[in-house]
Amino acid sequence: MRRSVKSDNHCLDDGRALRTGIPEVVFAPSKSARALIVSVKGLARRHDVLITKCNEGQFALLRKEFGKKIMVADDECGGIVVEGAGAPLEPIDATVAVISAGSSDRYVAEEATLSLEYLGLKALRLYDRGVAGIHRTKNAMNECEKARVAAVIAVAGMEGTLPSVIAGLLRLPVIAVPTSVGYGTGAGGLAAMSTMLNSCAPGVLVVNIDNGFGAAAAARKFLSSAINVL
Amino acid sequence: MRRSVKSDNHCLDDGRALRTGIPEVVFAPSKSARALIVSVKGLARRHDVLITKCNEGQFALLRKEFGKKIMVADDECGGIVVEGAGAPLEPIDATVAVISAGSSDRYVAEEATLSLEYLGLKALRLYDRGVAGIHRTKNAMNECEKARVAAVIAVAGMEGTLPSVIAGLLRLPVIAVPTSVGYGTGAGGLAAMSTMLNSCAPGVLVVNIDNGFGAAAAARKFLSSAINVL
Amino acid sequence: MRRSVKSDNHCLDDGRALRTGIPEVVFAPSKSARALIVSVKGLARRHDVLITKCNEGQFALLRKEFGKKIMVADDECGGIVVEGAGAPLEPIDATVAVISAGSSDRYVAEEATLSLEYLGLKALRLYDRGVAGIHRTKNAMNECEKARVAAVIAVAGMEGTLPSVIAGLLRLPVIAVPTSVGYGTGAGGLAAMSTMLNSCAPGVLVVNIDNGFGAAAAARKFLSSAINVL
Amino acid sequence: MRRSVKSDNHCLDDGRALRTGIPEVVFAPSKSARALIVSVKGLARRHDVLITKCNEGQFALLRKEFGKKIMVADDECGGIVVEGAGAPLEPIDATVAVISAGSSDRYVAEEATLSLEYLGLKALRLYDRGVAGIHRTKNAMNECEKARVAAVIAVAGMEGTLPSVIAGLLRLPVIAVPTSVGYGTGAGGLAAMSTMLNSCAPGVLVVNIDNGFGAAAAARKFLSSAINVL
Amino acid sequence: MRRSVKSDNHCLDDGRALRTGIPEVVFAPSKSARALIVSVKGLARRHDVLITKCNEGQFALLRKEFGKKIMVADDECGGIVVEGAGAPLEPIDATVAVISAGSSDRYVAEEATLSLEYLGLKALRLYDRGVAGIHRTKNAMNECEKARVAAVIAVAGMEGTLPSVIAGLLRLPVIAVPTSVGYGTGAGGLAAMSTMLNSCAPGVLVVNIDNGFGAAAAARKFLSSAINVL
Amino acid sequence: MRRSVKSDNHCLDDGRALRTGIPEVVFAPSKSARALIVSVKGLARRHDVLITKCNEGQFALLRKEFGKKIMVADDECGGIVVEGAGAPLEPIDATVAVISAGSSDRYVAEEATLSLEYLGLKALRLYDRGVAGIHRTKNAMNECEKARVAAVIAVAGMEGTLPSVIAGLLRLPVIAVPTSVGYGTGAGGLAAMSTMLNSCAPGVLVVNIDNGFGAAAAARKFLSSAINVL
Amino acid sequence: MRRSVKSDNHCLDDGRALRTGIPEVVFAPSKSARALIVSVKGLARRHDVLITKCNEGQFALLRKEFGKKIMVADDECGGIVVEGAGAPLEPIDATVAVISAGSSDRYVAEEATLSLEYLGLKALRLYDRGVAGIHRTKNAMNECEKARVAAVIAVAGMEGTLPSVIAGLLRLPVIAVPTSVGYGTGAGGLAAMSTMLNSCAPGVLVVNIDNGFGAAAAARKFLSSAINVL
Amino acid sequence: MRRSVKSDNHCLDDGRALRTGIPEVVFAPSKSARALIVSVKGLARRHDVLITKCNEGQFALLRKEFGKKIMVADDECGGIVVEGAGAPLEPIDATVAVISAGSSDRYVAEEATLSLEYLGLKALRLYDRGVAGIHRTKNAMNECEKARVAAVIAVAGMEGTLPSVIAGLLRLPVIAVPTSVGYGTGAGGLAAMSTMLNSCAPGVLVVNIDNGFGAAAAARKFLSSAINVL
C-alpha cells in the first residue's frame, strides 16, 4: 500500500479578529506539542496570543519555547498570553464584574478575568459570593453599582443558583458560566447548567460549562456593538 | 387453553399506620375505577382515607360513590379525603410552612398542605415567594419565625432555587419538593430536582418530583419521633 | 379533620421593572383561568402586561375578559399584550435582528419579536435563513449591516447550526434560542441546544429552549446598561 | 496588556452557624493547598473545623500544618476535624442511627457518623445490613428501638433498596444517602438515588450521592428545631 | 414519476414455535387495523394466537372480526387469544408465581399470567405484595413454597424493590419485570429497571419495561429445556 | 406600543436541487396550514414537490387545495407528491432495496420507498425480514443479489439488529434507519439507533430516527456522484 | 468532641447459601485490603470463597495471604477462589454454554465460566462468535445441541446483537450479559444493554453490564429449582 | 472444584473480505497483549492487517513483534498496518476527501485517511476547515471539485456543524464522523453526533464517535457496489 504525502495542514484563521471582532485563541486540551507551538507562532504574527486551559506539561513547553515573550502565565486558570504583533483589539473603557460562588470556582473565574483583560476590558473580581451566605451576594451587588460595571459574568458550580439571584436583584445583564465543580448528581456541571437555563429571573444568558473565555468574548461583542450603534 | 380463576387479589396493608406511623393512602393515577373504589372502601374501615392526584373523571366517580362522606375535595391539588373510621393519626401541635416559588407550583403546594392537615399537623401557606423577587422570600422567613414553624416544605419548579436560598437564610429544616412546572430543559422537573440535590446550603432534603404528600409524611415522621425521644 | 382557611395567596412582584429593568410578565402554561386573570389584572395596575405561550382556550378567555384593552393578540407566537398603566419601559432607539432558520421556528421567533417591541426595542425580522441554503444566511448578514442592528437573536431547531455560522461571519453579539422543532434525536430541542453551547465560534450566548422572551429581555438589559455606563 | 491586581478574594461566611444552625465546613475536593489552609485557619477563629472528602495529599498537608490541633483524622471517610475556638454547636442528647447496606458503603457511612458527632449528636453504627440478608436489616431495627434513636440515616449503593425497606418497617424518619458504589448501570450512584426518590414507602428523604455530611446536617436541623418549638 | 407496484409484503414466521420453542405472537401497538387482522389470520392457520397490549379500538375490531373464535379477551392486560389450529405448545406441569408490588402493576402482571397460560404453564397470582408492607411479601413466599412453584415473575413499578427482596429470601429463580407505573424520576419505568439490574441479591434476571409476555416466554424456555436435558 | 409590519417572510431555497443535487422537500410537522400551502406552491414552480410526514388534517388540506395535481398520496407513510414543473431530478437506472424488520416499521420503510422513486431511483420492497426469523433475512439477501441492487436501506425499530446482520452477510453498502417503534427502554428509537451506531459489522451508516427521506437522499447522492466520477 | 467507639462492624451473611441457594461471594472493587481479607476469612469458615473483579494489587494481596489455599486464580477475569470448608453447593449434572461475541468480551465471559464451575455446573466455552461472521454463530448453535446444554449465557459488548440472534435460532433459554467493551455511544455498555432488553426474539433475560457472576447464579437457580419441582 | 480445560478460543473470521467486501481489522483497545498478537498473526496469513486505536504500549509491542513487517505506523491516529499475504482489496481509482474542522480532530481524520488507503482508495486531506472561518470551508469545496472527489468524510468535534454546511453547499455525498473533542456539554462527542443526525441539509450519514475506519469502510462499500452495478 502507498500512503499519500502529508503536507502541513494547519490552516489558521488570521482574519478572524477583523471579521468577527474576536481574535482566534488557542484551546490547549488535546493539542499535541507540535500543533500547540505551530498555532501560537502562526497567530503571533498578527497579535498577542491567548492560550486557554493548559495543563502543566503544556505550561512548561510554552515557557521553554517563548520565554520572555510570555506576558501572563496564570496557573490559577491554565491561561497564558504570548506576545505577538500587539494587542488584538482596541481597549474599551468599561468594567465587567466576575462574581463567583465558591472558592473552587476560581479556576473558571480567573479564565474569565484574564480573557476580559486580553480582550481590552477591565475586570472586577468578586469571589466567594455564593447564596449560602446571601449577605455576601448583596455586598457584591453594591460593589457593582459603585464601580459602574457594564455587565456581570456569574460563575458557579454545584447547584448554580448565583446567576438567578443576581438577575433578580439588579439591572445589569448577566452571563452565567456553569462550572464542573461538584459531585454526585452535580458532577461535571450539568446540574448548574440546567439551573441557569431555567432561571426564573428573565434574561440570564448561558455559555458552556467552564467556558470563562466564551463569557468574556460575548461581553466584548456586546459592548463593542453598543458603542458602534448607540 | 384453560385460565386460572382470578380471586380478588387486593391485599391492603391496613396495619401500616401502626407499624410506620403513616397510614396507607391511595395514589389515584393508573388505578381503574374498580380498584379505586375497592381500595378506598377497604381503608375506610380503619380510618379516614386520603386519595392523591385524582383526575376529573376520578373526582366525579368518588363524588358519586361517597357523596356526603367526602370531607375535603380539593381540585387545586387533585386531593380528596373520604370519611372512614376516624382520624388516622393523633394530632401534633406543630406548624409546618409550605413555601412555593410561583403560582404554577400551587398544585403541588396544596397537596402538601392537605397532606399535612390529614396527618394531624398545622400548615402555613406562603405562596409566590420565588427568588426572582427575593424580598418576598425574606418576608416569608419572617412569617415563619412569627408563627414558630417547626419545618419548611419548599416547593419550586423551573430552576428550583428557592430551597437553597431558604436554607442559607434560616435555621429551620427544609424539605424540598421539585415540581414538573417548566419547559425546555426544565420540563418534567429534573432541572429543579438536581438543583435541590446539589444545594450549596447544607441539609436540604429532597423528595420525588411533585411529591407533596411524601414531604408531609416525612415532616410528620420527624416531629412524631422527636416528641417520642426528646 | 379541620382545614386551614386559604387566603388569596397571590403575591405579585410589581417592583420588578424598577429593580431589575425587566417587568414581570405572565407565563401562561399551567396557569388556571383564575390565576391567569388575577395576575394580569394585578400587573396592569402598574403597566401594560405581556402574556406568553397562551393556548387557544387562554386566548379566548383573555379576549372575553379584556376586550378592547388587548393591544396585541398574536396567535403566531401565543403572545398577548393587555393595556395597563402605560409602557413598562422607556424605549431605546436600537434595532435587534431576529434571524430564524426554518419556517417551523416562526412560533419562537415571533415571541422574540413581540417581546423586543414590548420592551421598547425595534425588531428586524429575517426568517427562513437556515444554513441548508447558506446564501440566504449571508443575505441576512448584509441586511443586518444596512439596518445597523445592535445584536442578533438567532432562532433554530433541528440541529441548531445557524448561530455558530452567524457568529463566525460577523461582529454582532449573538443570543441563540434553540427551538423544540425536530424529531427523533432532535425532538424537544436538546440537540439544537447542545450545538449552540458548544459553538466553535466564541461568544454565542444561549437561553432555554423556545425562550424567545428571555432572549429579548437579555438584549434589553445589555443595551440599557451600555447606555448607562458608556 | 495590563492585568488588574488580585487582592485575596477569600470571603468566609463565619456567621453561618448562628444564622442557619450549621457551621461552614470545608469541602476538600478541587481546593488548592493554599485555599485549603486559608479556609481552615479562617474558620478556626470561630470554632472547630470539619474538612470532608480529603484525599491522601490533603491529609498529609493538614497533618503537617495543624499537627496537634487535629482532633480527629479519619481516613476511612476522608474526614478531619481541626481544633478551633470550640465546639461549633451545643450538643443535643439524641442518637441517630447510621445503617449501611454493604461494606463498600463504609466510606460514606463514616462521613455521616463523624459529621453527626461534630454537630453535637450521638451516632449508632449499624453496618452491613443490606436486604440481600434481610434478617440483618431486621436486627438493626431492633437495635434502633433499644437505643431509642431519633432518626435513621440509611446509606446504600448498588440498587439502593435499604431505605425503602426500613421505612416500611418502622416509625422513624429516614434520610437516605445513595453512594457511588456499583458498576454498569449502577455506576456513580444514580440507580441508588432514583430508587430512593421513588420509594413506595412514604416519607423517605434523599440527599446527594455520597453526601454523608448533608444527611447529618439535616438531622441536626430537624432535632434542633423540634426542641425549640415542641 | 412512476411508483412500483406494492405486493402484499407480510412475511409471517410460522416456523418459529418449532425452531425456538415460542410461537410468534402479535404485538398490537402501532399496527394498523389491516395489518392486525392479516397477522392474526395468518398465524391462526398454525395455532391459537395471542395478541398483546391492544387498545380499546383494537379490542372492538378483533371482537367484530373473530367473534366466537375469541377464547380469552382480558381488558385488564390488553390481551386477547384467538382460536386457531390448536394450542401452540404442549403443556408442562409446572407453576410459575406472578408476584406484583402494587395494584397499579396489575396490567403487566395479568399480561404475564395470560402469557404463561397461553404457553402451557400454570400461573399463581400473588398481587399487592410490595415491600412497603413486607409481611405481605413474606406471605407470598410461603404460598410459593406450598404451591411448589418453579419460578417467580416479580412485577414492580415505582422504585422496583420487590425482586431484590424476594431473591434475598428464597431459592427460586426470579424474573423481574419493571413497569411504567410511577411519576417524576420514576416515570416510564427506568428507575424500577435500574434497581432490578443492580440488585444486591445475585441472579435476578430482567426483561424490558412492561414486558409481561417476555418474562413468561423466558420461564417457558427454561422449564422446557430443563425437562429436555435433566 | 407600536408593532413592526410583518412582510411575508417565506424565503424558499429554490436553487437547492442544482446546488446540492437534492431538491427542497416540505417537512409537514409543525407547519401551519398557511405555511404548508405557501411552501408547496412556491416549490411547484420549479419541480414536483414531495411533502413528508403529513397528518390526516394536512392530507385533507392538500387534497382540497391541489386536487388533480396530486400524483401520489400515500397514507401508509404520510407522504404526498404534488405535480409541479416536472421531475426534480434526472432518473438513474439503479435499484435500492428497502428491507424492514417488522410490520410496524412499514410507515418509515414506505417513506424511504416513496422518496427513492421521487428522486429518480428504483425501489425494491423487502419487508418483515427481522432477525427473529433469520431465514427471512437470508432470503432478502438472495433477492438483493438477483435484482442487482446498488445499496440497502435497512429499517428497524425495537433493538435495531437488522442492519448489523445484513452488513455481516453481504457486500452491499447499508444505510440504517432506526424507527420509533418500541416501548419501555426502546421507546422513541434511541435503543435502535445506538445499536446501529455501534454495529460490529463495519461500514453501517446511520440517519436520524424515522428519517426515511434522508436515507433515500443519501443513496441518490452516492449513486449520482459515482456516475459522475467513476 | 468525643467520638463513639467503633466496634468491628462486619456482618457476614453466612446463611445465604442455605436460604437462597447461592452463597455470598466477595465483590472486590472498592473494598479496602482489610475488608477484603476479613470477608474472605469469615466466609471460608463455611465454604470455598469466590472473589470477583480483583485488580492486580488485590490479586497480590490475596496470593500473599492465602498462598496454597488458592484453588483458582484467573487473571483473565479477575476471579479467585480460596479454599474453605468445602464446595458451597452440590453439583448439578448439566452444562451451560458461554457464548461471547468478540475477543474483547473474554474478561466477562471467563467470569461467567468460573462462576458456573464454582456453583457446581459444567461450562462450555464458545468464544468469538459475533454476528459480523454469522456462520460462527451458527456453528456455536450446533455445538450447543451436540453437548446437550441446558441454557446459554450470551456475552456481548459494542452493539450487543448476539443474544437476539441466538434466541431467534434455537430453543434454549438465553441469559444476556452486556459488556462495557466499546467506544463513543457504545462506551460503558449501555448500547449493548438496551439492545438486549428490546430484543425482538422473545424471552431474552438480561443482567447488569459485565455481570458474569449474576448470569451464572441465575442459571444455577433455574436448574436447581427445575430439579426440585419437575 | 474442577475447572474445564481452556482450548484456545480465538475464532477469526478470515472469509470476511470475500463475503462483505471489507476485511476483518483489529480494534486494539481492551485487547490483551496475547490476544493482539494472535489476532494479527492469524489475519496476516490472508492479507495485510490494519490495527486501529493502539496506545503507546501496544505500539511498542507490535513494533517489537513485527519489526520490518510494519508497513505503516502512524502515531497521529494510533494506526498500524502489518504486512501479510498482500493487499486485502483490489484498488479503486477514486478519491475521497477527508475534511476536518479543527486541529484537535486530526487523530480521527488520520484514522479515516489511513483506512481509505488501506482499503484501496485515494485520500485528499483538507484539515482545519471549521465553520468558525467559513471561507476555509468554501476553499475546501473548491479543492474537492478540482480533485473530482467521489465522496466527503467530514470530521468534527465540539458542536459538529461542519457536515451540515458542506452538505448544503455541494452535491457530494457526506459521511459525518463526530469526534470526542470538546468539554462541558460537548464532552465525549454526543453534542457533535446529535448535530449531525439532525442536519437540516438532507442526506448526511453518520457513524459512531471517533470511528474514522467505519467511515472509510462505508465509502469503499458504496464505490465498489457502484462499479459493480452501474
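A, B, C, D, E, F, G and H label the chains in the order they appear, each numbered from 1.
Quick note on the criterion: a contact is a pair of C-beta atoms (placed from the backbone, for glycine too) under 8 Å apart; a residue touches a chain by one contact, two chains touch by 3 or more.
Note that the structure is a prediction, hence the values are computed from the model and not measured.
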item: Any chain that touches subunit D and subunit C; value: A, B
item: Graph distance between subunit C and subunit H, where chains that touch are linked; value: 1
item: Same or different residue numbers at the subunit G/subunit H copy interface, by half rule; value: different
item: Rotational angle, Cα trace of subunit D fitted to subunit F, multiple of 5°; value: 180
item: Separation of subunit E from subunit F, taking each centre as the mean of its C-alpha atoms, in whole Å; value: 35
item: Distance from the mean Cα position of subunit E to that of subunit D, given in whole angstrom; value: 44
item: Touching two or more other chains - residues of subunit B; value: 19, 132-133, 167-169, 184-186, 190, 193, 197-198, 201, 208
item: Touch relationships between chains, expressed as pairs; value: A-B, A-C, A-D, A-H, B-C, B-D, B-E, C-F, C-H, D-E, D-G, E-F, E-G, F-G, F-H, G-H
item: Subunit A contact footprint on subunit H (complex, rising order); value: 48, 71-72, 76, 81, 87, 103-104, 106-107, 113-114, 117-118, 122-129, 132-133, 135-136, 181, 183-187
item: Contact set on subunit B toward subunit D in their complex; value: 19-22, 25, 94, 148-151, 167-175, 193, 197-198, 201-208, 213-214, 217-218, 220-230
item: In the complex, subunit H residues that touch subunit G; value: 1-4, 6-7, 9-13, 15-16, 19, 24, 27, 29-32, 35, 39, 53, 178, 180, 188-190, 193, 208-211
item: For the subunit C and subunit H complex, residues of the former touching the latter; value: 101-102, 130-134, 158-161, 164-165, 167-169, 182, 184-186, 190-192, 194-202
